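The two complexes that follow have chain A in common; it is paired with chain B in the first and with chain C in the second.
And then the complex of A and B:
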């Protein structure tokens, strides 16, 4: 435990310095997020404004205020979502430097999990500023306060859990990349599917009714939608605890699977040349 | 008891080629030897002989399919994390430093990974940075360092946790004369002072001449010679008398002669 904390802290430090070194890129990334949020809100408000009898039912599950808050929180939380295998790790897998990682007295999974998680957390620090900015916007564009103190606390708990879930899934895909020589292209497929199912494009509660049960309990609701439901107060009665448990169980599942697959493939790791 | 003991270690790779049957390459075949603590061993052999594979097996990265290997009482690939905590590895062609940050940040990370106590770490770091003369490089991103500068930083990284054994796979590759000499002096001094066992692979015979108490020649996965350099020179230096050899004949010629005679 202390060893994993140390490894994580050390990785975080490295990623943090890297983030500072590339702060212009990170700042640009955040500004883009801010503009993107504003455009999305403009589109959503048009939809809500012109909703007719047929489409009104579609929007009934969330108010426009809730959707706006969902947009802003998401712009920050999306930083957790693995968009690819972590850059350094990908490089090492592709050029055979994986072997070099094995001379460290830390299990490979732990080292890479820390790296994956740390790089996401650093991006989150940058993108978190989007939420601050959104507090100063006016009218419909402004983010709302959390629905209640309890709601906010549950949001924080679920957010921490989301952070681990995202890193666990990122590492799961990384371990698959070690196991199967897919090339980089195909690793995007599970990552993109996860992004869609997380509600990053459309809040899950705006998806068709018949899908709701499935959407809530599939692994990627925990990426984003579950924590945000606590903040905006759209959790349905009786779903608070089960959804939190589902989030944790999926995390445990992906950590276990990633660990097993990595351990299995470490043995036959190919280290070419040098 | 020897610190390193290998007995009939074999390792092969299966290489798949497009449209051709899979081919099995024997990188190591029944390799056996022992190394005592504090020795400085030179591992030589032509390209593809199996030197790097041997280093990778001994450092716990690769699992051989046959034979036994015990280093300081452990089987490297079975007790990997415990084993690697006590060794240092430098791959001349690969970097262990984090590319985007200065060496100092990498060293901090290594301090945490190897759980080195702060006072010990500070003492060791200043000792090593002094000896390797990298004080001025500590805050430059590794990406911007020259090969020789980077190699010096890599060596410091590999020695920070005061390993008992140091593996160096072609550490002098691509270094200029000054860096090469400085590196040799340093390795020799470190070996004498801390008693670190060192095993280095190289194509540069002058490295071996300057440093190694013993040389092992590996060819096509087999150990072909294991002994001191003088005897090896005498054996393979075409019929000339020893004094003449030492003055005139280039060590590289002797080695090339040997590779030819051994048909490797």
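And then the complex of A and C:
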């Protein structure tokens, strides 16, 4: 336990200083997020304010204010989402440096888990600035305050949980990529599925009503949608505790699966190059 | 002629090297998935809220897929420039191109080619024709020409975007993420009905990067939504002009290049 914490702290430090070095890049990344958020809100407000069927907005499970807040929070929390295998790690798998990683006195899974998690956390810190900016926007574009103190605290708890879930899934996919001769395609497909089902395309509560039960308990709701529901106050009665538990159970599942697949792939590992 | 031969040979080598992976077809499947899922929020929102004024899901999807197809064509045939800022400068690989007795721009364009990227224009075309038939638009020769002009214009515009960003990358080296505003994020603007698009976005994507000129205006002229004819046929000239400006920026960048790698 202390060893894993130490490994994580060391990785976080490395990634953090790497991030600081390229702070212009990080700032630019936030500008893109801000731009993206504004387009999203323009599209959503067209539906909410100008759709011919005025009752649709009334019956939707989220108000425009809640959707706008969802959009802005998403811009920061999306930093947790594994969009790809860590570039460093992928390079090591492709060019054979994975052999060097295996020599290190830290288990491969733990080492890479720390690296994956740390780099995501650094990106999250930078992208948090988008939320700060969105507080100063005017009209419909402005982010709202959390619905209540309890809501905000539960949001924080769920956010920490989301962080570990994202890292666990990122490592699950990385462990698949260890079978190097399959190439990238196999690993991208679960990553795409995760992105869509996380609610980063559209808040899950705006998806068709008959899918709601499935959407809440599939693994990727915990990426983004569950924590944000606490913040904007759209958690349905009786779903708060089950959704928090689902988040943790999926995290445990992906950590276990990642470990098993890593162990299996390391046995037959192909070290490319020298 | 020789240049074309080199271009296609390089592309062939690229395809063959990717086919070495056992799961190569997953890459094609992956791009198909991205393309299908990308507009899912628009489709789901229309199914929940219904039309917005005159705007139906087919109209929006037609404009969107015009932009996306152009983007996909550029991504397929100028992938080298798409990758250029990330792959060639920091690593110093650009030095290798400078040494070869072959046009530089051509080499950069075909330094990468990914067959799976063709999935985007192919599915984009299918959506275009599906939406046109749903909107009850019958294509005659004139309309086909406008459509072809729009697609070609889109491809040239986005190729221009890549060439321009590659040129600017010579100066910025690492701060590159802004590129996404003019690439992946740019066609998201077409998801918003034009009457409700914020003025700033509308102007930026008409006069700075002519993205709406190659998507919304041709679509409007083809289906008769009321934009004047001349705005619809402006796609190709605007794209060529944009590309010319981009090309100058690329040339300036190349002149300023200082090797960073070994």
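One rule holds for everything that comes next: the second predicted complex is superposed on the first by the 261 of 274 C-alpha atoms of A that agree within 3 Å, B and C clash if a C-alpha of one lies under 4 Å from a C-alpha of the other, contacts with A are read in each partner's own complex, and residues count from 1 in each chain.
To be clear about the criterion, contacts are C-beta pairs under 8 Å (C-beta built on N, C-alpha and C of every residue); 3 or more make two chains touch, one makes a residue touch a chain.
Keep in mind that what you see is a predicted model, and the values were worked out from it rather than measured.
Colleague: Let's test your reading of the overlay: on chain A, do chain B and chain C clash or fit side by side?
Modeller: On the superposed model, which is not a single observed complex, chain B and chain C fit side by side.
Colleague: Which partner does A:139 reach: the first (chain B), the second (chain C), both, or neither?
Modeller: Neither: A:139 stays clear of chain B and chain C.
Colleague: Could you say whether A:18 touches chain B, chain C, both of them, or neither, answering first, second, both or neither?
Modeller: first
Colleague: Can you report the vertex angle at chain A, computed from the C-alpha centres of the three chains with chain B and chain C as the arms, to the nearest 10 degrees?
Modeller: 90
Colleague: Touch test for A:52: chain B only (first), chain C only (second), both, or neither?
Modeller: Only chain C is touched by A:52; chain B is not.
Colleague: So, A:9: does it touch chain B (first), chain C (second), both, or neither?
Modeller: first
Colleague: Of the partners chain B and chain C, which touch A:103 in the superposed model: first, second, both, neither?
Modeller: First partner only, chain B.
Colleague: Contacts for A:238 in the overlay, against chain B (first) and chain C (second): which applies, first, second, both or neither?
Modeller: In the superposed model, A:238 contacts neither chain B nor chain C.
Colleague: In the overlay, work out which of chain B or chain C sits against more residues of chain A.
Modeller: Partner with more touched residues of chain A: C.
Colleague: Pick out the closest CA atoms of chain B and chain C after fitting on chain A and give their distance in Å.
Modeller: Value for chain B versus chain C, nearest C-alpha atoms: 8 Å.
Colleague: Kindly list the residues of chain A that each of chain B and chain C touches, one partner per complex.
Modeller: none
Colleague: Looking at the complex, which residues from chain B come into contact with chain A?
Modeller: 13, 52, 56, 59-63, 77, 80-82, 84-85, 87, 89, 91-96, 98-101, 105-106, 108-109, 111-115, 141, 169-170
Colleague: How about chain A: which of its residues touch chain B in the complex?
Modeller: Against chain B, the touching part of chain A is residues 3, 6-7, 9-11, 13-14, 17-18, 21, 88, 96-97, 99-100, 102-107, 111, 267-271, 273-274.
Colleague: Quick check: in the complex, which residue numbers of chain C touch chain A?
Modeller: Where chain C meets chain A, its residues are 18, 21-30, 33-34, 37-38, 40-42, 44-45, 47-53, 116, 174-178, 180-181, 185, 188-189, 191-193, 196-198, 201.
Colleague: In the complex formed with chain C, which residues of chain A make contact?
Modeller: Residues 22, 24-25, 27-29, 31-32, 35-36, 38-40, 42-48, 50-53, 56-57, 60, 181-186, 188-189, 192-193, 196, 201-202, 206-208.
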